[in-house]
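Paired with chain B in one complex and with chain C in the other, chain A is shared by the two complexes that follow.
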Partner chain A sequence: MIKKFDKKDEEAGSGSNPFQHLEKSAVLQEARIFNETPINPRRCLHILTKIIYLLNQGEHFGTTEATEAFFAMTRLFQSNDQTLRRMCYLTIKEMANISEDVIIVTSSLTKDMTGKEDVYRGPAIRALCRITDTTMLQAIERYMKQAIVDKVPSVSSSALVSSLHMVKMSYDVVKRWVNEAQEAASSDNIMVQVGMVLVWLFICPPSCFSFIYPCLYHVMFPMHLQYHALGLLYHLRKNDRLAVTKMLNKFTKSGLKSPFAYCMLIRIASKLLEETEGGHDSPLFDFIESCLRNKHEMVVYEAASAIVHMPNCTARELAPAVSVLQLFCSSPKAALRYAAVRTLNKVAMKHPSAVTACNLDLENLITDSNRSIATLAITTLLKTGSESSVDRLMKQISSFVSEISDEFKVVVVQAISALCQKYPRKHSVMMNFLSNMLRDDGGFEYKRAIVDCIISIIEENPESKETGLAHLCEFIEDCEHTVLATKILHLLGKEGPRTPSPSKYIRFIFNRVVLESEAVRAAAVSALAKFGAQNDDLLPSVLVLMQRCMMDSDDEVRDRATFYMNVLQQKQKALNAAYIFNGLSVSVPGLEKSLHQYTLEPSEKPFDMKTVPLATAPITEQKTEIAPVATSKLPEKPAPSRQDIYQEQLAGIPEFQSLGPLFKSSEPVQLTEAETEYVVRCIKHTFATHMVFQFDCTNTLNDQLLQRVLVQMEPSEAYEVVHHVPAPSLPYNQPGSSYTLVRLPDDDPTAVSCTFSCTMKYLVRDCDPNTGEPDDDGYDDEYVLEDLEVTVADHIQKVLKPNFGAAWEEVGDEFEKEETFALASVRTLEEAVNNIVSFLGMQPCERSDKVPENKNSHVLFLAGMNLPDIYFILKGSE
Partner chain B sequence: MGLFDKLAGWLGLKKKEVNVLCLGLDNSGKTTIINQLKPTNSCLGEKNWCHLLQAQAQDIVPTIGFSIEKFKTSSLSFTVFDMSGQGRYRNLWEHYYKEGQAIIFVIDSSDKLRMVVAKEELDTLLNHPDIKHRRIPILFFANKMDLRDALSSVKVSQLLCLENIKDKPWHICASNAVQGEGLQEGVDWLQGTD
Partner chain C sequence: FQAVEPSLYTVKAVLIMDNDGERLYAKYYDDTYPTVKEQKAFEKNIFNKTHRTDSEIALLEGLTVVYKSNIDLYFYVIGSSHENELMLMSVLNCLFDSLSQMLSTHVSLKNVEKRALLENMEGLFLAVDEIVDGGVILESDPQQVVHRVALRGDDVPLTEQTVTQVREYSHSSLSAVYLSISFSLSFG
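Right, the complex of A and B next:
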């Protein structure tokens, strides 16, 4: 009967994985046989395996069904089958958090952990500690103490490790077991000693550490344990920089046995160096450098990689690290070659000259039998190589691009996109290569990397626009990724109408309407509308196509088609600009919140779009040059912007509720030096008639507690300070915020800029640095901050106009104002553009902030919005 | 199951297996009774621990959840689910009602104050859908009879209104679990009903 059952199961699996098509409900149904007597261990084992498999696949179990299965499982404790019992322990651990009343097995587990079967005891302890909470811990405390001093090493180490886990939960109870831990240590069992030291580290007050260090050093010879102990020590004290420094000094002087521990030390040291911004003459740096001469390759690599990744490293400091990596490049071990070339690849952009020294070795790696190493070598060469070698390298890489995995293809694409920025003239080679890659098979991440790369080439380089768009058009003809298709359609809508022959894109777009899913069809309709709006000769045919789209089976597609149809038929430039080119420029979470608010408080008035906070311009412009594709890995979901978060925070303060919607929040301005007693930075929030200054203060003195902290502001102009909201208390190292409300002058609208002199006033109470216990009485004190400036930019919000030309036309001539300014202090065109943008705080459109080289004149398009809802559009030329 | 098992059953080599639930309020002596019934040789490996157990029954800690124990008599093999009697775990009893083929209900006969609580729990048990319509034998131990102010088994059965149980065989006997007195009588009765 058992046989038959198994056979049936295998058939159902019908493949390499017998658990492939498991149904949760079917498995739970099967779990009912746990209730049968006598128990059939083999069958039950199989079902438990299925349950654990499902749990690990991320299948969601409801509380009721999980509890039911769990209770059925508890009956299996009747069986004395060893395998089954241990499977039960596993199930308990897996279900500890999803089932109710898991404590039901407590007594069964304590029985097993004190029983005579050593095989049960260790696992039972670990399972028990998973189901135990603070209140229950008292009940099993006695057993735990016994287990820690047990003679069987596996039991004792299970108990020690479990107690380590429980330290997080109930420190006070575990602390009482220190005597047992000590007793365990006095036995000569090495495993126990080590575990004991680990428990000790958690339990002892920091004052005992000086005693434990030598203990650690002499007792813990086993290599990995030294590593674990070091890791633990570090985690215990990572918030205390001084302690970490001390620890590092101790270990770097005395040396360690374990290479793992050395690697850990190097990491800690480099992190500390980075935090303290310590100079490279510090002993920590010397230590890392000395590790380059360690006998373990692992340690040498770690040290080299730490040095190479350090910010602001000089060429002289880099040289030994790079030469070590260079040595690794010719190592017979593939892992070492891989590690070395990967590290070189990463830093190739930062220190090209240092990496160039390895070029010869990298060239040898191009033909490496390991394709991953070869890929990394080629991409590194691409990053550092000269323009002339690009063609050769591209040919080389295309010979085996189909043999490497997607992940490395992405690396190749990243290298290409970096290369395009460096050598714009090579775009035709790149574009060809990319389009070939686009045609090959590949996953979503890979395709997205290519598409992003092509798009960035198009944006950087107008000459490549036509070919790039053609490649993309071809790609969407056979594209299974909705996200990419919609993205490309949007791009086509934006760029297509302005190409010399827009009509050829229409066919590709309309094919989408016929062939694709709803989301893509809707995007295609929007793209079509943009063609119709911008090209008068195409308008009639676009209208015909729109007519067809109005018959679509999907609501969204029909709605869009109907809407665009009506707008297009009006044939008005202003309408086109407002509704087709430049859509809503509000923040989506803000819009959602406002609409929700509106539905909660129904009023006669129609919903006013102007109450919705504007979307702050996306930061894609600041894309770092090194990793243009990496930025696309950010979460897709529209996270609430910084401004939305501030809006929420300010709305929580009663004094500021009547101010209306937040117009703009500035970037934080530092009002103190970085290393002073108190660190203060200010964020300027602009409202319709007021400004709120948010002072984020941090107290860096651990023997002081500041209370009632407020910032006194003396304006130079007609600004009026209305109200202060002090920060109630400012303990050591916990930032707090104080607010000051200022009314803008009504009578003089031109008085936009103003300087405030700021003084921080507060009550000081001295306190004990260790306990944080403050004295009873304090004294008033003040601290002079740097002056704070309010500038034009604080009153202007950036608005992104995707189609600047249309928006400019829409405004019309009568509002146009022309003035000429002489910018005397700037020397280059680029500097002038940057200065203007940052002074006015407006959004550059159409990438006009990028100044091409060797030009004498440049037109800058800026868009922005002023407080009383006036849109500014500025067109500046030089 | 298999042929061999059946053969063993016919020859009387294999004992019939019975699942028994051991219920009752906390501190009534359930775990002590079960430990007494367990053969002592089952804990040879931990002699000291076992010795300790028998010497001082008060050393037994409250059961949390349940534990499963097995013991054999001349004709039956018992698997006992020793359930926790503490108030907050009593609602977990019902998970195990289905497979119980007999119930041992332990009462602390010196605890007059909580006799009503025991009666209430008993009534809930008897009215549970998994128990109500089955003719399962219930054995009552009026435990701790050695204590001076302990009630007699007759008095206990009156207080619990045991005479109202008409559709199930039941039996009450006084016991002293620490010394093991009266337990064999109860188990013999349980064997006879089956």
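Right, the complex of A and C next:
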């Protein structure tokens, strides 16, 4: 028996945990014995263990005490005890960020990493790279390059992984090690070693085998060396698509030993397939498919998952992947069953029919002891099963829904939501189930998923509206989540007045005014106002209730009540539409910024709402994203939209400061092929009288430095190019922006569309691809880009009108203009709607962009805003 | 769905807890849980959700958690929900098997249990350091890990050591032999 601990500790730790009552100060006190001569390895080791244990428990060490302990520890390098030395490396890693002057141990570590003891070398490299900063990196570069190509795989692996960690810190230095990494990844030197070991085996008596096993193992199965080399190589080259393709070709042909390396290769291949939008007949796809027959389950699963996640996969291409996943469903390993059913669940979202073959296996998993697997199996079946099995499955879920974690409850709710879209007739069963779930305990995410699901059912099925609203009314009677309560109140205000008996909702809403917090009370007041505006017979009672709200203790509630009271008393449709139904359509961060600006420079002029950039229409949520996503740990602050970011960027350029507020920024347009020397894309920014074209250019040649890059534009119409802002310098792989300012023709307001032919002009300086040093002189050159078009959509900003009818009425008949257009080239209604929406760049309202099936006429509501300030509402029917 | 950026960073955290849910070991490799307070809250949540069930995998707070319990210890490996579950599993198995080999040769208690682990904390620290480095899987073979950690029971006479120990002990001299042979081969 080995006594690892001193007597004293054993007595103190007579309980179960000898580390339980460790005092930081006592341990640091003990650390003084590090200075004693001779060093007692066993005691010192124990103290280092205690220090690391304390750090691990989250104990805070002050800089001074940490530095003191660290410096004492450096003395232990004098001892040759292996374990003690290894613990010193660990202490260095743990203290790298809390102690000062950690670089003091650099020379000790460099000595160990180049020394004879293989056991020291890997860990010494890893510790060294933790304490090395950009300035020190140059000094150890030579050693790192040697270590990467070292014969001992563990040393090489450590060097490769440490290099990867340091890429974040100094990409430029690590980039220079690419050749060494390449050498480590190639299997040539490994084969030589295998030969040698075989000779060694041959000349040895068999009894020695156990002794040489570690050496043999090292050489025969350097499992992870290729994985690490591949990881680093990809990271260094990922922006150079050609190099990545070459690397892939090489490895897919030569084959790999490590299953981890295969997984990495599959990921790189599928990423490349996605970027190049390569067809599925490409060799990359064949490689991924061939991995389905690999002998390692990990690789097979990775390949299947990669195929499943590919966009536009056909059912035939999916079939082999689905069938290996089906096999995994009956594996004895829970992790494998889980992985398989989770992936099948994803397949079922897009291709339910492809998964039908697995229904039997999935049925078996419903009773799996791992509830996560059971839940995933049921939700998958809900997607693939027939309408008749829905009731049975729902019953099965209700039997264990209380046992599963909130994450999976959300998955269940989302599956139900998808099911409602598929089988609208089942909505009453679902609604019942959802309302029961709504009454159960659960966190915010879970409740929100249910509420969202009910809302989407209401929107899809008009006949379920009243039951749904009734459930939600009941829910807000006892709802602790302000966000959900306000959301539901908003919905009630929007939908309630249009139901046959709006009066019954008033009670629920007014209860909120009496009982809830300020935010909910304010939302309730707004909802009440909408009832008053829409229903004349309810107006008198709403006014009475408003009167009461005007006595509220909260400012916001009182202000809203007073405001609505006054608007409602006017009894004018236009006022109601503008101030009650369709609220502000400006971007909130933009409004905040404009108001702040206004307060900084107060003027006689009142603040003009029109100078605030419009809110870009919210991106409609993808209904297909049913995978349990990471619970929102993101800050709840509204992120500034793309447009707000551009506004800020453009405002930083002096030439563009006089242009006024940014009206609209387009999506980026590619002006080059994806794999050319220079990659250029353009974003069109529209202002009141000007347009700014932002060209984002990337130089993909590592032997060139471009300077003074500008894009020359030749307009086809009366547009006038006013000014160029060149990008001063464009080094390899660092994107830069060049701007061109164009004045819109002011004499002819109808000349909105225009074609520009574009040429990029620049000064080239050749440079050394390794060091990036450019030559002293360069030459002018130019590069022809694709033509750029400005269309109607660039001049129209989307505006969301929640209540389209009211907005339409507000404009009035005199501005109505009716025209008929024949759309010759489109065949289906859906196609026509999509084309119109994208051509005009306007916002479809009231979900009118969804065309019901089997109809030959459809009314599309579009809202938009033109320059300068003409609201534009379009009601089209075909 | 967007393909996950290919990366070697696989493991977000490695945790070991006792049967009261107390942290015995915790190593977080990224800043998903930056403060000790958030980490402890996460550990509590994990432990509550997993300690009663015997299933080896779960999805918690949007992260994939693979776990294993033995007597009075709970081992967890945590990765992103997009990560290959089997990779995480191989880390967990490697950690557990390495520990069980190390403990069975170095500590009188043969099982992987809390007491034995606490008596061999440095072994645990070194083993995890060999398995995962900064979130990258370094090694997944327990033999290799045990060999590299190379803990020597310094008081044990040679005759009472197991073959593994002798093997480890002699490794450094052996690799010198091996190297000299490779030199002689390559030079002539």
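Worth a mention:
Simple rule for what comes next: the second predicted complex is superposed on the first by the 519 of 878 C-alpha atoms of A that agree within 3 Å, B and C clash if a C-alpha of one lies under 4 Å from a C-alpha of the other, contacts with A are read in each partner's own complex, and residues count from 1 in each chain.
To be clear about the criterion, contacts are C-beta pairs under 8 Å (C-beta built on N, C-alpha and C of every residue); 3 or more make two chains touch, one makes a residue touch a chain.
Since the structure is predicted, the reported quantities are computational estimates derived from the model, not experimental observations.
When the two complexes are overlaid on their common chain A, residue A:Leu650 makes contact with neither chain B nor chain C.
In the superposed model, A:Asp101 lies in contact with chain B only, and not with chain C.
In the superposed pair of complexes, A:Phe71 makes contact with chain B only, with no contact to chain C. Look at A:Lys116: by the touch rule set out above, it reaches both chain B and chain C.
Counting the residues of chain A touched by each of chain B and chain C gives the higher count for C. Touch criterion met: A:Ser158 reaches chain C, while chain B stays clear of it.
In the superposition on chain A, A:Val790 makes contact with neither chain B nor chain C. Once the two complexes are laid over each other on the shared chain, residue contacts for A:Asn35 go to chain B alone; chain C is not touched. 116 are the residues of chain A that lie in the contact sets of both chain B and chain C, per the superposition on chain A. Contact residues on chain A toward chain C in their complex (touch as defined above): 1-5, 13, 16-19, 42, 45, 48-49, 52-53, 56-58, 82-83, 86-87, 89-90, 93, 116-119, 122-123, 126, 151, 154, 157-158, 161-162, 164-165, 192-193, 196, 199-200, 210-215, 217, 221, 223-224, 227-228, 231-232, 234-235, 238, 260, 263-264, 267-268, 270-271, 274, 297-298, 301-302, 305-306, 309, 311, 333-336, 338-339, 342, 346, 369-373, 405, 407-408, 625, 627-631, 633.
Of all residues in chain A, only 35, 37-38, 71, 74-75, 77-78, 101, 103-108, 110-111, 114-116, 136, 139, 142 touch chain B in the complex they form. For chain B in complex with chain A, the touching residues are 1, 17, 19, 43, 45-46, 49, 61-68, 70, 79, 82, 84, 89, 92, 95-96, 98-99. For chain C in complex with chain A, the residues that touch the partner chain are 1-8, 18, 23, 25-27, 36, 39-40, 49, 53-63, 66, 81, 84-90, 106-108, 114-115, 118-122, 125-126, 129-130, 133-134, 136-141, 143-144, 147-156, 163, 166-168, 170-172, 174-176, 178, 181-182, 185-186.
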